[in-house]
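Order of writing sets the labels: A, B, C, D and E. Residues in every chain begin at 1.
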C-alpha cells in the first residue's frame, strides 16, 4: 500500500465575500499517520479539509499531495442521495470507480456492519435518524479503500457508547492499513485516542496554535483509563481555551 | 409565566414501513424543569420530540400538553431558509407571530449575540460553518420566548469550549424563565449539567431504561469539578451501555 | 397505494369538476340562448361524437399516433439536449436561448418547408408536435441540472466521477422533478402541435386526423363537430398527461416530496 | 458581476451562434440553390426588414404590447392559481388537469368566442397570448410548491404559521426556481400565442401586427417578408426571455445553485 | 349593433364592416366607397376591418359583433342553419370565383379528369365546392391536403392542383412566373354568390332604412371602382404592402365579369334572386351540408338592394 504524503505551504483561503477562513497554514500529513484537527467552531477546519480534498482552491499557497490519493471523505453533513437506499449510497464511491455490482453490494454490507447499520441497508435516507445518516456517510468514506481519509466530525451525532466503539474500530482499521488520516473533531478525548498528532487551531482565520505528539502506540479501550490520556486532554483543552480567549 | 405540563401516556409510534420507533412511552415533563433524553443512536429520540412538537402523530397512546405552549424547537439539522440571512432566519418565529420588523431585528441580534454569531448576522446560511448553522438554529429556538423548549442535540457540532459556555448560558436562561425543556443530547456530562432529570432510553424502539433525578441546584462551571457530577455520569453511562449490550 | 386506487383517485376529482363545468356550460348556453354556431351545448357535442363515431375515432387514432411519437421524440431530444447544454457551459449560453426559436416560429410560416422536407401526412405532423413541445423539456432538464445541490456535486468531484457519470448518477435523478414539470407541459403542447401540424400538413378526406376534421368542420360552420374533435383531442391530452404523471409518480414516489 | 457585464455575457454567445447559423443557412440556400419562395437567404430577409422598416416596426410594437400584457397576465394568473391549487389539495386534483385544456384547445376553434367576449384586436390577442402561456406557469408554480422541503414545512407547522404565511415565506421562495422555469417557457409561448391570436383576431385600424403581416405575406408568397416578421417576433421573444432570465438571476442569484 | 352607439361629431353613423380577407381588389368597391366619400355622403363613418386567414367573419356578423361582414353565400346559409342571425343584402360576385387550378403543363385537361385521378390536391375538404365536386365526380382516389396560406407546395409540385379564387391565386402565380390553367367550379353547376355583404339581423330589423342606405352606398362604391379602379388599387396596395403592384393591376382587371351579370344590368350591382339562393339551398342539402330540417329553418336569407339605380343620396 502506498502511503500518501500531504504538504501544505502558506495556504490561505479568503472567500469571495472577504471572509478569511484559513491564514498562512503550513501542515504536513505524514504517510500512515492520523492527524486530528481541533479548533473553535467556524474557525476554518472544514474549509481546510475541502482545500485538501481539492474541491476548494486556496487563494494563496500550495498544496502537494503525493502520490495521487484515493480519497475517502466524510463531510460534516451526511450528503446522501435521497433516491438511493443506504446500501447503494454507501457503495457509490465503488460504483464510481467502476466496481462490479456484486463487489459494491458485498463491500457496502461489510462497511454497514462495521458502523452498525446492517439492518438499515434497504432504508432510504429520509427514514434514517441523524446519527444513522452520519454512520452511513462514514461507511461510504471507508468503502473504496482510501489512502487519504478526510473525516469532518464523523461521530458528532452519535451516543457515547457507539462513538467509543467506532473510535476503536477506526483506530484499528487505519493503523492496519496505514492510511493517511486528517480528522476534524470537537471531542478532545477522541482526538487524543485516535491521533498520532493533535493540531489545535485558533479562531477564524485558522492558524496553528500548537501541536501535540501523542505518544501512545496501540489504541484500545484500556488507554482511556491511562493517566497521561487525561493529562493530555486537559493540556489541549487549555490551549484551545487560551486561543479563544485571546481573540474574544 | 405559565408553566407547561406535558404528559405522555403509552405513546407508540410505528412508521408506515413498519419500523417501530417509540414503544409504550410514559413520560411527564414537569413545568419549569429540564428533562434530558439520552439514548443510543437511532433509538427514537428525535421521533419523540417530533411527537411532542405535534408534527408527527402517535400510532397509539396520548400526548397532553397544558396549557397550549409556545414551542421553541431546535431540530437535529439546522433547517435554515437558504434565501434568508442569519438574522432573518433567527427572527422567523417572531415574524410568524406577527412581531414588528423592529422587534424582530432587535431580538434576533440579541439571540445571535448569545450564541456568539453577532458578526455573522448578514451571512446567508450557505456561508456558515456547520457549527454556526446549529448555533443559528439554537438562537431561533429561543427567540419567541418559548414556554416549551424542545432541543435535539443542539450543541453536537460545537467545540468543547463553546459548548460549555452555551450550556451555562442555557442553564441560566431556562431556570430564570422556568421554561419546560426536553433536551436530547449524546453528551452525558451535558445532560447532567443541564437537566433536573435524565431519562435513559433503550435501543429502538425507545423504552425508558432508567431515570436519574439530578440533585444539584444552581448550575455553574464549578459544578463540573464536583465529585457527584462525575459519579452520576458514570452511573448513567453504565445504564446506557447495559441497555445497548442487552439487545445486541 | 395500489395502482388502480391511484388512477381512480386521480380520475374522479377532475371528472366531478368536468361534470360541474359541463352543467354550467349547458346552463349558460340555454340561459343566454347562445347560438349553436358560437357555442353548441355539451349535449349536442356528445350527440355529434356519437353520430360520427367511426370517423372521429379513426381521426383520433391518427392524431394520437402523431402526438405520441412527437412527444416521445420531444422527451428524448429534450432530455438529451438539455443534458448536453448543461454539460457544456458555453453551449448553454450560446445555444439554449436559440432553442426558444422552436417555440416561437409559427408553424404556418414553416409549413411549406415542413411538407417539402418531411412530406405530407404523419412525418410532418410528428415533426410539428415535436417542434412545439421540445422546448419545455429542454428548459426543465436544464434548469434541473443547473440546480443540483452543490454539496452532492462536490462529493462526486472528490470521487473523480466523470461528467457523464455525474450526470447519470446525480444530475439526472436530481432533475427528474423538473424534467417532469417540462414533460407535463410538453404533453399538452404535443397535442396542440399535432393538431396545428395537421392544419397545415395532414391529408384530409378519408384520412383526416382530428386537426383536419376541425378545419373542415370550421369551414362548414359545424361548431358542434369542431367541439367534438376538440373534446377528443383533449381526451388524448389528458391521457398523455395522466401517463406522464403516473410515470413521474413511479419514478419519484419513493423519495421526492412532490409525489406525496 | 455588474449588470452590463452580465447582459453582455449572456448576449455574445448566442450572437456568435446566430452568426454561424446564418452563415450555414446562407451557404445552404446558395449551395442547394433553394428557391427564394421556399427559403430566402438571411441577406434578403435583412433587406426586407430594412425595406419595410416602418411597417414592420409598427407591427412589432403592436405584437409586443399584446405579448407583454398577455405574458404579464399569465405570470400573475399562473402564480396565483398555481398557489391556490397547491393550497387546496382537492382543487389540485380536480382542477389542475383541466387547466391543461387551455393549452390544448386550438385558438381557431374558439376564435369567434375570443373576439366576441374580449373585443377586437388587442384584447383578443392579449387573451390568446395569456391562454397559450399560462399553463407552464401554473405547472411550474404548483410543482415547485409541491416539492417544498418537508423539514422546513415541519418547522413552519410547529410555529403554527397559517397557510398563507407559509406560502409567502416558505412555498413561494422555495418554488421560485421552478416558477422561473415555467416563466421561461411561457415567454416563448406568449409570443406565439399573440401571433396566432393575430391570425384569428380581426383587426381594425390601418396597420397590421406581426401575425397579420405573416399571413398576408404568406398568402402572397413573400417568403422573405414572412421571415422578416418571424425574425422580429423571435427578437421580441428573446428580449422577453432575457428579461425573465435577468429577473430570475436578480431574485435567485444570491442563494440558488441554478443562478450561479 | 346598438342604435345609440357611434354617433360621430359630424353626425356620421359609425358602421363596422368586417372583410373576410386581406385588402385586395376583391374589396375594391368598399375601399372606393370609403376613399371617394360615398359612405360619408350617405351618412356613414365606415370602419373597414381587415380580415385574414382565420378571421371568423360569418360568426362575427351573425353574433352582432360587427354590423356588416363580407362572407360567402354557403357560409351564410350554414351559419343561419346553426342559429346565426345575418341576412345577405348585397352580392358582389354574381358568378362564383371559386376555382381549381393546375399548372399549365398538367396532364389533366378537364376538372373531371383531375378529380377522378389519384393525385393530391391542396384544398380544404370542408369547403362546400370541394364537397360538391366530390358529389358530381368520383373523388375517391383523390387525396386532400390543407391550403394553409402558402402556395409553395403547389409551385414545388408537391400537389397536382390547388383551390383558388379565380381573381387572386392564378394572377399572383402568373406574376411569379408560374402559369396555370383555371377550372371554374361555377361551370359545373354549383354557382353560388360570393363576396356577399351580410348584415346582422337585429340591425336589419331595427333600421331597415339605414341598411338600404348602406347597401346603396356599397353599390355606388362598386360602380365607382369599376369605372376607375387604379387609384383605389393604389390605396389597397398601401394597405397590403405584400401585394405586388402587378398582381393588383392584373387582379383588378379580371373582376368585372364576375361582378356584372344579366341581373345586375337591369337591377343594379349586387342583385340577388330567389332562384339562385334556392338552388344553393338544395345543393347544400344534397351534399349533406345542412339537413332538411335546417333548410326549413333558414327563413328569409336575403334582402335585395333597391332596384333604383345607384346614387347613394
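Going forward, contacts are C-beta pairs under 8 Å (C-beta built on N, C-alpha and C of every residue); 3 or more make two chains touch, one makes a residue touch a chain.
Because the structure is a prediction, the values reported are computed rather than measured.
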_Going only through chains that touch each other, how many steps at minimum separate chain D from chain E?_
1
*Name, by label, each chain that touches both members of the pair chain A and chain C.*
none
_Copy pair chain A, chain B: interface residue numbering same or different (half cut)_ = same
*asked:* Top contact pair of chains, counted by C-beta pairs?
replied: C-D
*How many Å are there between the centre of chain A and the centre of chain E, using C-alpha atoms for each centre?*
85
*Roughly how far is chain B from chain C, going centre to centre by Cα mean, in whole Å?*
50
*Mind checking the centre-to-centre distance between chain A and chain B? Centres are C-alpha means, answer in whole Å.*
26
*What are the residue numbers in chain B that touch two or more other chains?*
77, 126
*asked:* Two or more other chains touching the same residue: where does that happen in chain D?
replied: 38, 108, 112, 116, 150, 199, 211, 215, 218, 223, 256
*Any chance you could list the residues of chain E touching two or more other chains?*
53, 59, 63, 149-150, 152, 156
_For this structure, enumerate the chain pairs that meet the touch criterion._
A-B, A-C, B-D, C-D, C-E, D-E
*In the complex, go through chain E and note every residue touching chain C.*
53, 58-59, 62-63, 75, 78-79, 81-85, 120, 124-128, 139-140, 142-146, 148-150, 152-153, 156, 158, 289
*chain D to chain E touching residues, read off their complex*: 37-38, 52, 55, 108, 111-112, 115-116, 120, 198-204, 206, 208, 211-213, 215-223, 225
*asked:* Under the stated contact criterion, what part of chain D meets chain B in this complex?
replied: 151-152, 154-161, 165, 169-170, 173, 254-256
*asked:* Help me check something: in the complex, which residues belonging to chain D touch chain C?
replied: 9-10, 13-14, 16-18, 21, 38-39, 90, 93-98, 100-101, 103-106, 108-109, 112-113, 116, 135-136, 139-140, 143, 146-150, 177-178, 180-182, 184-185, 187-189, 191-192, 195-196, 199, 211, 214-215, 218, 223, 226-227, 230, 233-234, 237-238, 241-242, 256-258, 260
*Within the complex, which stretch of chain B touches chain A?*
15, 17, 19, 38-47, 76-77, 120, 123, 127-132, 135, 152-153, 156-163, 186-188, 237, 240-241, 244
